[in-house]
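Have a look at this one.
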Amino acid sequence: MTPIHVRTGSAAHRGLQIAGLAAAAGALLLGATMEAFRVGQLTNVMIFAIAISGLNLATGYTGLLSIGHSAFFGLGAYTTGVMVVTYGAAPMTTIPLAVLLCAVLGFVVGLPALRIRGLYLALVTLAVGVAFPEVVRRFEDLTGGAAGLVIRSRQLAPPEWTGLTVPQRGIWLYWVSAAALLITLVLVRNLTRSRLGIAMIATRDNEIAAAASGVRLATVKTTVFGLSGAVTGLAGSLFAMYVGALSPDGSFTLLKSIELITGLFLGGAATLFGPVVGAFAVVYLPYFTADLASGHVSGVIFGAVLIAIVFLMPEGIAGVAGRFLGRFIRIAPHENQGERP
Amino acid sequence: MQMVRTTGTDRPALTVTDVTLRFGGVAALDGVGFTVAPGEICGLIGPNGAGKTTLFNCVTRIYRPDSGGVSFGDTDLARVRPHDVVRLGIARTFQNLALFPSLTVLQNTVAGAHARHQAGFAAALLGWPGTRSRQRRIEGEAMDILAELDLTDVAHRPAHGLPYGTLKRVELARALAARPRLLLLDEPAGGLTHAEVRDLGDLILRLRRDHDLGALLVEHHMGLVMSISDHVVAMEFGRKIADGTPDEVRAERRVIEAYLGKAS
Amino acid sequence: APASPADPAATAAAPASSAASVTPTDGCADPAAAAQPITGTLKVGWSAALSGPLAQAVGAVIDGMKSRFAVANAAGGIGGVKLEVVARDDAFNPEKAKANVGELIQADGVHVLSTFGSGQLNAIADDQNEACVPLLFGQASVPAYRDAVNFPWTTEYLPSAEVEMAVVVAQLKQKYPDGVDVALAANQTESGQGYANGFKKAIEGSNIKIVKEAPLTDPNAAATTLKASGAKVLVDAGVTTDCLALSMAVGRAGWKPETFIQPANCVDGKTLYEPAGDAADGQQIMVWLKDPGNPIYADDPGVKQYLADLEAQGNKLPLNNYTVNGWVVGDLMVDAFTKAAASPDGLSRLGIMNAARTQSYHPPMFIDGIDWKVTPTQALGIMAFRPFAWSAEKKTFEAQGDVIDISQNYQ
Amino acid sequence: MDIFLERLFDGVTNGAVYAIMALALVVVFRSTGTINFAQGEMALFTTYLAWWLTTVGLPIWAGALAAGATGFLLGAVVERTLIRPIRRRNDMASLIVALGLFTAFNALAGLLWNSETKPMPSLFPAGLEDFFPVAGARLYWDALGVWLVVLALIAGVFFLFNRTRLGLQMRAVADNAESAALSGVPTGRILMLGWGLAGIVGSLAGVLVTPLSATQLSLTTMFPILIYASAAALFGGLDSPVGAVVGGLAIGVLEALITGYVEFIGGTLPQTAALVVIVLILLFRPTGLFGTRQLERL
Amino acid sequence: MTLLSVQNLTAGYGQARVLHGVDLTIEEGEAVVVLGANGAGKTTTMRALAGLIGFGGRVEFEGSPLAGLRPDAVVARGVSLVPQGRGTFPHLTVLENLHVGAALRRDKRGIKEDIERWCGVFPVLAERTGQAAGTLSGGEQQMLAVARALMSRPRLLLCDEPSLGLAPKIVAELFGILATINREQGVSLLLVEQNAELALALAGRVYLLEVGRVIASGTAAEFREDETVRRAYLGY
C-alpha cells in the first residue's frame, strides 16, 4: 500500500498533531483511573522518561557519553529530600532548587569537556557517578548518610487547593509528572529543532567541522551538560517524591546510569519520543521477565531480551515504530523549508 | 558573548607572514609568507606533503603556528579562537570531507550559517515565535545556496551515503552559508570528471562575482588552478618556492621539478 | 539524623490506643476492611531480593517460612484458614520494593507483608501503614519501625543493633572492669552505621573508649589503621561478608586482638569463618537462634522437631542459618495468627496486628532463655543474647557463658 | 615505615588486580576497537566455574586452566554471534549488547551456583604465615604472585601486539577493518581471537582476584573491579597495555594511601578521591597517559 | 585467456540498488579503465568485486566464481583493491602498514624485498617508515595505500581513483609505476579514474559507466575519438 503524504505545516499535519496530543491525553486519563500501583508504575515511567530525556540531550544529540547521570538523578532527589525533611519545605517548591543545583553540577562536569573528549570524557562522568553515593555517605549530617533519608508520606501531602488527601498523593504525583514530562518534551523539541539543535548534532558528528562553522564547542558542551543535568535532576526531584526513601546505595549508583543509558538506546537516541519508549522498556521489561520466571532466570531472560531488541530493532523501539507508522503516513518537509531533526 | 563581525563593505586581505610549524622532526611549514588580496583567487599548489593543508589549519586556528603570524585585515588570527575565525569571514572546505553525516544536506548548510546569528539557548528552548521565523529565514537562504549549487534534489537526504562529488559540493554549500569574504578550498575538484571540473571553475568565478569574495584554492588539478587563479603560490617542504601569475609560476624551474614533472 | 521519624507533631496527632484495640485504624484508607475476617487462605506477601547477591539467603528465609507454613497447613491451618506465601523480587532495590508492595496489596490481595532489608522497609512502611496491611517481622533493624505510635502496622524481626551492642558492652564490662581501648570498624551502609551508633551509645558513661574508628570500605586499610591504634578489642560494625574480609585482613596484618567481636548477622560459620582459618579463631558473636548443626543442640527437642519437619517438607538447606531464620519468622507468624483467631478481633488484619503488638512467645528454635516479647509500648522482640566464640580447630561456635538478658532496661 | 609499606603493598596488589582486568579491556579495544563492559561478568562466570571445579576435587590450577579455556571460548563465541553482526552499526549497539551480557552472565552464575559467597582457594600459598618481612611489613606470597602475573601479562601483551604478526593484524583490524580485509587479513578470525584472548586474561584476573577480594567470590565481586579497570584503561589511553597497568596501579595505590593518610576525605571517599586525582591528571593529558595522540588529519 | 569476467553484476546498499547489470571482462595482462560520472557506481563495482559487498550476477576470476567469498579470500585468489579515499591504517606506522599488506604471505625474505622495492618506488615512504600513517599528507597516504595493496602480489590490481589528491608529478610517476607493474610483472589492472588523459594512455580498453550500467566500451583509441567522451572526460 502507498503511504499518505502529509506536508509539515499543512492542515493535515496540524490535524495529525492534534490527534496525537488527544491520544496522549486520553492515555493519561485512562492511566489515572487504574489501580494505585499501576498509577505508581506509570508515574515511575514518566519520571524515567524525563531522566532519559535529560541524558538524551548530552549523549543522544551531542554525543557526550555520560555514565554519571545517576549523580544528577541523585542530586535532584536529595535536594528535594533534604529540603522537605530538614527544612520542612513543600515538595513542589523544592523543584526549582533541585533543577538549579543539577544545572550547576552539569555545567561543572561539562567543563573538562573543553579539554577532554570522547571516552576520556566518559571517565569524568564515571568519576562523578562513583563519587555521588560516597559523598552522600560522607556528609551524613545533611543527607542522613548511609542510613538513608526518608520522606514521610504526610510530608508529601498534595497542596491543599487540590483537595487531595495524603493517601491520594500517588495520583497527584502522577499528574505532576505528566506535566513535567510534557514541559520537558516541548523544551527538548524546541531546542533540537532550533539551530542550536543542529549545532549539537554537528558537534557530535564532527567537532572540527563544527568549530569551523562557528559553533562554540565549549559553550555548546557545557551548556548542554548543564541542561541535561537539570532535566535529569528534575526527574530525580520527582523520584524523591515518588519513592520517599532515599539511600545512596539504593537508587543512585552507577547501575542507575546504566539503566538510563539502556533506556535511551532501547528507545532510540537522538529522537524526541525515544526516551519515553525507553522508559517504558526499563520499567516494564524487568517487570515482565520477573513474571515469566523468578529469581536469576529472570535476569538471564532480561539480558537476552535486551540483546534481542538490539538485533531486531537497530534504531531503537521508537525508530521501528516510526518506520511502521511511515508505511501509512509520511511527513514530508514543507516546500522550500527544512525537514527538521 | 563577543561577536567579531566584519561589515559587508570592507574586504580584508589575508596575510601570512613567516609561518613555521613543526610536528616532531618534520617542519610542515617553514617560514611561509604571502598575501591573498581582497577578492582575489589565489591558487596554492605544491607536492603532496608540502604543507598546504597545514597552512589552512593554521589560518582556521586548528593548529597554532610555532612562529610567524596570520592576519586577516587588521585582525591577528593568533588571537582568534577557532570558532570565531568564520565570524571574521573566513570559511573553508576540507580535503577529506568533514561533514555531519547524520544531518540532511539542508541542515549541513544551515549549520554553516551558525556564526551569522546570535546563539540563545533560552530562546531556543522556549521556541519563541521570533526564533522560529528567523529559523525559517535561515533555511530559505540555505535553500537558495543549494539551488545555486544544484543540490536541491538532495536537500532533505542525510549526507551519509551520497556520492563523493556531491558531498564535496555540500561542503562548499556549507562554507558559502557563512557568507564569507574569503573561501579556503582544499582540493574541491578531487574525484570530479573533466566536465565537472570545468563547471566547478565556472562556479567559483560566479561565486566570486555574486558573493563578492576571494578564495584561496588548494588543488592538484592544474587546468583548474591555472585557469581561474589571479595569482599562484607554490610550496615545497613547507617553504614557498614560487609566487606570481599562473604563467610565471608554471614556468618556474623549481615548480616543474618539484611538482609538475617533466610531462607537464 | 534527618531520617528520624520521631516528629513531636506527629506523635501528638497520633491517637492513643483505644480500649478495644492497641492498633489504631483511623489512619486506614478503609478501616472496615482491616477488621474483615480472613477466610480460605491467608496470604503473606514478600518483597525481597530473589535475584542478585542476596538471593540465596533470601530464598532460604522464604523457604524456611514456607516449610513452617506447610507444617501449620498440614495441622489444619489457622482454624481452617490455609497459609500461603506470595513473593515478588525487588533485587534489593527500594524503588522496586515500593512497586511490589503496591501490587501485592492491590493485585495479589495479601493480608500480611514481610520484607528483607532496611532500604526496602523504608520505602514500604508508609504505604503499608496507610493500607493497614500488617508488615510483620521485617528483616531489618532500623530503629524507626520499632515505634508503634508512628508505625502501628509494622514490626521488625532482627534484633535492634542498639540492644545487641548493649549486650556486647555488658559483656566487655564484665571482662574488662577497668575499661579498655576499642577499635571500631564500621561498614558504610545503614546496617553498619546502626551498629556503630549503637555501640557508641552503649559505652556512654563507661570507661570503655573508642581509640580508633575506620570505615570498612577497604578492609585491608581498615585493618592496618586499626592495628596501629594498639587497641585490645576490635568491634566489627559490619554486615555479613565484611566479617570474613575483616578477619582475613586483620590476620594478614599480623594482628591478634585480644577480643574480636563480630555482629550477629555474621553467624554463618561455614561461609564467614572457616575460609579465614586461624585468623577467625576466638572471634565472638551474639546469638539468639539455635544452630541445628551445632553438637550442643543434638538432643534439643526443638531442634529435633525442626529437623524432622524440614526433612518431611523436603527442605534442602535445613542447617542453613537463614532457613532457621525463616522458619522462626513463620513460627512467630503462626503464633500471632493463632492468637488473633482466638482474640475478639478474630483472624483479621487488625486482629493479627493486635496479636503481634502484644505477642509473647518462645519459639522452640530460640535459645532457651531468650524470648520474643512485644508490648504496645515496646517492640524490640529480642532483648537477650548468648555469646559464642568461633573455634577454628573444631570449625564450630562454642558457647561463652550464659544468656545475657537486658530486657529490664526496656521495661 | 612498616605501616606505610603495608599500605603500599595493599595498594599495589589492588592496583595489580585492576591492571589485569584493564589489560583484558585493552586487548579487546586494541584488537576490535570496542569496549567490552561485560568483561567483568564473563570473568565472574568463569571464576565460578573454576571454583566449582575445586569443589569436585580438582586442584585450583586446573580450575584456572579450565576458566581460561572457557573464557577464551566465551569471548570468541560472543564476538562471533553477538558483537560482529552489530559492530558496524554503531558503538552504542555493542554497548547495549555488552550490558545485556553483563546482566545475563551475572544471573547465569547466580542460577548455576547460587548467590552465596564462596571462599575461593588461591593459586599461591595464602596462609597467615606465607609472607616474608620487608622492613617490618609483610609481603604475602599471594600478593607477590599477583604482581608477578601482572608483569608477565603485560610483557606478553606487549610482545603480542608489537612483535607478532597476529598482534599487528589485530591492530590493523581495530584501526581499519575494511582495509585489513582488503589486505587479506581474515578479520573475522582476528576479531574472535582478540575477544578470546581478552577472555583468557579476564578469567585469569577473576581467579587471581577473588581469593584476595574482600567479598571472596560473590555476584558483586567483579563489578567494582571492572569500574576501576575501565578507569585504569582509559587513564592509560585505552590502547596502551603499559598505560593500563600504570593506570591500575595508580588507582590502587592512590586509594590505599588516601584512605590511610588523608583522613578527612580518605576514610569515606577513597574511590572518589582516587578518581578525582585521575581526572585532574587527564586535564593535563587529555588523551591519557600513554595513549597515542589522537590522529586527526584533515 | 580471460582473467576476470563479469556478467550482469547487480549490487546496492540496503534497499537502494546502484548497479543494474554491469558486464565487463579483463584479459590476462590487460589494463582496463572504467570511466563514469559522479555516483555512476564505479566504486560500488570495485567494492563488489573485492568482496566487500554482496552482489548478484556472475563474476569469475580465472574461471572460478568469486561470489560469496570474503575480502580476504578474494585477496588470496590474487585480487587486490586500493579503495577510494584512505585505505591505510592511521595508527600503524608506514612499515607496519606494508607488513599488514603482506598478511597472507609467509615468505619473510620476499616480504622484505618487496618492502624495499616499493620504498624505492615511493621514496617518500622510505623516509617515513616509522611515522604513523594517519599523519601523512593526503598524497603520501595514497601512495602508501597503493604500495600496501601491491604487497600481496596480486594478479589483478583494482584501483579506485588512485590519482585522487596526488600532485601532477606524482600522478605521472604513479601511472608510470602502474604501467611498469602491468607490463613487466604481468599484473592486470582495473582502474577507475577521472584523470582520463593518463588513464587512457595506460589502458588498452575502456568501459563507460552511467547510472549503474555499462553504456559504452571499446579501445582507448576509439574513446579518444569520441566527441562526447572527449568533452566530458578529457576536457577538449
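Going by the order they are written in, the chains are A, B, C, D and E; count residues from 1 in each one.
Here is the rule we use: a contact is a pair of C-beta atoms (placed from the backbone, for glycine too) under 8 Å apart; a residue touches a chain by one contact, two chains touch by 3 or more.
Chain by chain, the UniProt names read as follows: A, D = Branched-chain amino acid ABC transporter permease; B, E = ABC transporter ATP-binding protein.
What you are looking at is a predicted structure, and each value in this text was computed from that prediction instead of being measured.
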item: Contact-graph distance - origin chain B, target chain C; value: 2
item: Comparison of C-D and A-D by number of C-beta pairs in contact, larger one; value: A-D
item: Furthest chain, CA centroid comparison against chain D; value: B
item: Separation of chain B from chain E, taking each centre as the mean of its C-alpha atoms, in whole Å; value: 30
item: CA centroid of chain A to CA centroid of chain C, Å; value: 38
item: Geometric centre distance via CA averages, chain B-chain A, whole Å; value: 40
item: For chain D, residues that touch 2 or more chains besides their own; value: 107, 110, 115, 268, 270-271, 296-298
item: Sequence positions of chain A contacting 2 or more other chains; value: 137, 208, 295-296, 298-299
item: Shared interface positions of chain B, touching two or more other chains; value: 53, 62, 94-96, 98
item: Touching residues (chain side chain E, partner chain D) in the complex; value: 50-52, 70-72, 75-76, 80-81, 83, 87-92, 96, 99-104, 132, 134-138, 145, 148-149, 151-152
item: Residue ranges of chain C in contact with chain A within the complex; value: 1-3, 5, 7, 10, 29, 50-52, 55, 59, 87-89, 93-95, 98-99, 102-103, 105-107, 118-119, 122-123, 126-127, 130, 142, 144, 188-190, 192-194
item: Complex contacts: residues of chain A adjacent to chain B; value: 186-187, 189-191, 193-199, 201-202, 204-206, 208-217, 219, 223, 227, 270, 333, 336-339, 341
item: Complex interface listing, chain B residues touching chain E; value: 23, 45-50, 53, 95-96, 161-166, 187, 190-198, 220, 222-223, 258-261, 263-264
item: For the chain D and chain E complex, residues of the former touching the latter; value: 165, 168-169, 171-172, 175-176, 178-188, 239, 292, 295-297
